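Each of the next two complexes has subunit A plus one other chain: subunit B in the first, subunit C in the second.
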Partner chain A sequence: MWLAEHSRVYRPGEVLEGYFRLEEASPEQVRAVELSAVWHTEGKGEEDLSVHYFERLEPASGSANDFTQPHLFKSILPPSPLSYSGLILKIRWCVRARVFLARGKELTHEVPFQLGTVPSAQSVTAT
Partner chain B sequence: MSRLIRLYEKKRGDRRTGLKSVGNLGEALFFGLFFSIGCAGLVYMLVALAWPEWRANRQFAPARCTIVDKYVGRATAQNAASLYRPEFRVVYRTPEGEYTADALYDVMGLYSSDRDAVDKLLAGFEVGQEYPCWYDPIDQRPAVLARGYSPWLYVSLLIPLSFMLIGGGRLIYTLLHWNTSQERRALLNQRTAQIDLFDAGSNHRALPTVPTDANVTNSPGTTLAYRLPIATRSGWVLFATTAACLLWNGVVAIFVIRAVGGLLRGEPQWMLVMFVVPLVAAGIGLVAYLVRQVIITTGMGPTRLEISAHPLVPGQPYELFLSQAGRLAMRRLEIWLACDEKATYHQGTDMRTETRRVFQDRCFVRTDLEINRGLPFESRCHLRVPPGAMHSFQADHNEVIWKLVVKGSVIGWPDYEREFQIVVNPAPTAAI
Partner chain C sequence: MNELTEKSNPFSTRFTRPGAVPFIFTSNDTRQALIERLRRAKWRGQIVGPHGSGKSTLIESLMGALEDAGKKPARFRLQSGQHRLPNGWKAEATRGKADVVVVDGYDQLWPWRKLALRAFVNRQGLGLLVTSHTGCRLPTVFRTSPDADVFQRVVHRLTPGTLQAGQLDLARAFDDAHGNIREALFALYDQYEQYSVEQRV
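Moving on to the complex of A and B:
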């Protein structure tokens, strides 16, 4: 999976565009593929996650047959939340591909990217 | 084998062991059992209790019966305790003929452990006397001497119904989410939130995860555009302190009364006295803290903060108007712009919240000032959120909170702080 000609730092409202393909995958081996663009939190608190873009490709439904061919995904990025690296909270954006194989197995691949250019937070002593 | 089927799961950093389908199966079985128990309980209560009672009230035919005999019926409970109910031998006439049969007081025929109540009920009926009774017209029996509905029965139907709702609801949730990915579950939850009547619009906002500023912009200012609402935290602290103070000192008072009573009677209970002394000391400490909170909350006079525009955008200048009322001799009065990260997490069974300050900047300071009653101190200052700063963010467990904090240091009084929450939007076009 790769993002199209980009430095992986996006502005809000910019188009996120990329391709996905599987090497050496036969239609019998793959039940479905889910492509998503999500933001999620990391840090002290429990994880929050929100899906901005979601697409499910299933050979059975005819939405995809040959996963070895590049599949284009495209989405306009929202104005918020911006990527953020705080002290106890981090907001991460990524494109995630989840491949559902036969016999219930799953493979996941992520390509992180940054939305906006918020500088990292610094520790402050309350006065 | 244990590598193939992991019945339990361990979390190792971001990686989890275990088979999700086995977990789903276990969850489905558990809540399926919960649902089944509810269904079975509801069916039993309807068939064995509610249906006979309804038939007795609506379908039984009236008759007159003569009581031939009366006695206390006995049964033994599971804990070997004796249970009782009134039973009768009656003669009654129906269009089909005359019947001599055993009769119950009511169709439920439930046993009770209260023997006196059963005896009292039996005493209301005389052998040889005639009383109204009702019988089943299908087979002419059983006969009952009283009819009516049992409110407890219909209230107790809530028990199996709650089992059905909890078990069934969670079973449906588990089946819908069977083998679904984290992203798909999140998407389902987002769509559910979109149709939630009480959360309408939150996911359709132009700026997702940025909190709404409706409670700020609905209050116009007298000098600038908006009057900022004060955070209610101080009110809750005062309420919680008052409640804790009353509860603690109320409990301690019981022990104090007993200890003092013993001393006055000349029968001192020294162990009790020694036990009570530290409790009283803690109670006095609580009262002192409560008085301090009351002074801070009410004694300083209201603080009003107004802003020229809202929501804020990083890099843009804004004007603030501060008004501090009261009769105060102040060492210092300040306004701080602050940003906190707030994270909520589970620790065992507790829900904990951690807050870290990531930005603060003093916008205004005035030292050695006197405020007279009826003539509030008023001043203006400028405010600017740093360009490129993180915007306000609100998710279920994590937040970035921007606020203005007014800090006051008053001669002869405890220092005080008043917070005014604001919303910072992302800059319209963030330069890369």
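Moving on to the complex of A and C:
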């Protein structure tokens, strides 16, 4: 999975565009693929997660060979929340592919990207 | 800032929550042995231990083992201050054709809620597996206890070969948390952030 914008840094309102494909896909193995663009929090509290974009792909002809061809996905990014790296909370954006295999097995791959350019937290020294 | 190269804090809840890290047995005990004790107790049992000793993590890691043993669990997790099971819990247990009701945080239930739960599982012929800080008149299938060695192994699992020497003070985090592994991991979250900020300056 890869994003068209190599720097992977986006501004709100820009189009997130990328491609997904499986290098090897055995027709009897792959049941479906779910592509999503999500943001989630990291910190000491419960994790928040929100799905901005979602697409489910199933083998159209009963063959998983479809997935070996690059599949284009695109979405207009929202105004917020912007990526942020604070001390007690971080907000991360990523594109996530979940590949559902036979017998309930599942593979997940994520490509992080950055929305906005909010500076990360800096230490402050009392004077 | 470069959000993309900024490392995730390995002690964030998303990496340390029950299910994200496996339960680590200290003795020769195993998940299968615990399930066998539960089977012998007619699928009624309690896991007892103090705060932050791994009860929820153990419950989470038992879900698959229960299913492997042919018992479908209906799991309910009570957060701090939650004294009743969520609305519709009976329907969820019966509609989902559960064999065992699993309640993480059982001792938070009001006494009459516990009685209602016991009556329900008896009436339906279901098993009952709970976690509690103190014994609650069910067969004890496992006792969790704070353990510095387990804490170190959890930390190494979360940070495989990525820590710098002296970056974190594990002993201080564990002692300050009085053996509460969850609190000790939170302390390491803060230590990790502090170190990251110092490296940026």
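Simple rule for what comes next: the second predicted complex is superposed on the first by the 115 of 127 C-alpha atoms of A that agree within 3 Å, B and C clash if a C-alpha of one lies under 4 Å from a C-alpha of the other, contacts with A are read in each partner's own complex, and residues count from 1 in each chain.
Simple rule for what comes next: contacts are C-beta pairs under 8 Å (C-beta built on N, C-alpha and C of every residue); 3 or more make two chains touch, one makes a residue touch a chain.
If you're wondering where the values come from, they're calculated on a predicted model, not measured in any experiment.
Taken together through their common subunit A, the two structures put subunit B and subunit C in a clash. Once the two complexes are overlaid on the shared chain, A:Gly104 sits against subunit B while remaining clear of subunit C.
Of the two partners, subunit B and subunit C, it is B that touches more residues of subunit A.
Of the two partner chains placed by superposition, only subunit C is touched by A:Arg8; subunit B is not.
By the document's definition of touching, both partners, subunit B and subunit C, reach A:Ala121. Legend: residue contacts after superposition of the two complexes on their common chain; A:Arg92 is shown touching subunit C, with no touch to subunit B. Of the two partner chains placed by the overlay, only subunit B lies in contact with A:Pro78; subunit C stays clear of it. Of the two partner chains placed by the overlay, only subunit B lies in contact with A:Glu34; subunit C stays clear of it.
Within the superposed three-chain model, A:Phe113 lies in touch with subunit C and out of touch with subunit B [touch as defined at top]. Legend: residue contacts after superposition of the two complexes on their common chain; A:Phe54 is shown touching subunit B, with no touch to subunit C. Note on the chain A alignment: of 39-47, 93-101, 147-155 or 165-173, the part of subunit B that runs into subunit C is 165-173. In the superposition on chain A, subunit A positions 9, 43-47, 84, 87-88, 117-119, 121-123 are in contact with subunit B in one complex as well as with subunit C in the other. Across the complex, subunit C meets subunit A through its residues 1-4, 6, 8-9, 12-14, 17, 186, 189, 193, 197-198, 200-201.
By the touch rule above, subunit A contacts subunit C in their complex via residues 8-9, 40, 42-47, 83-85, 87-88, 90, 92-93, 112-114, 117-123. Contacts from subunit A toward subunit B in the complex involve residues 7, 9-12, 34, 36, 38, 41, 43-51, 54, 56, 78-82, 84, 86-89, 91, 96, 98, 104, 106, 116-119, 121-127.
Of all residues in subunit B, those touching subunit A in their complex are 19, 21, 179, 181-184, 186-187, 190, 206-210, 341-346, 354, 356-360, 388-391, 393, 395-398, 400, 425-426, 429-432.
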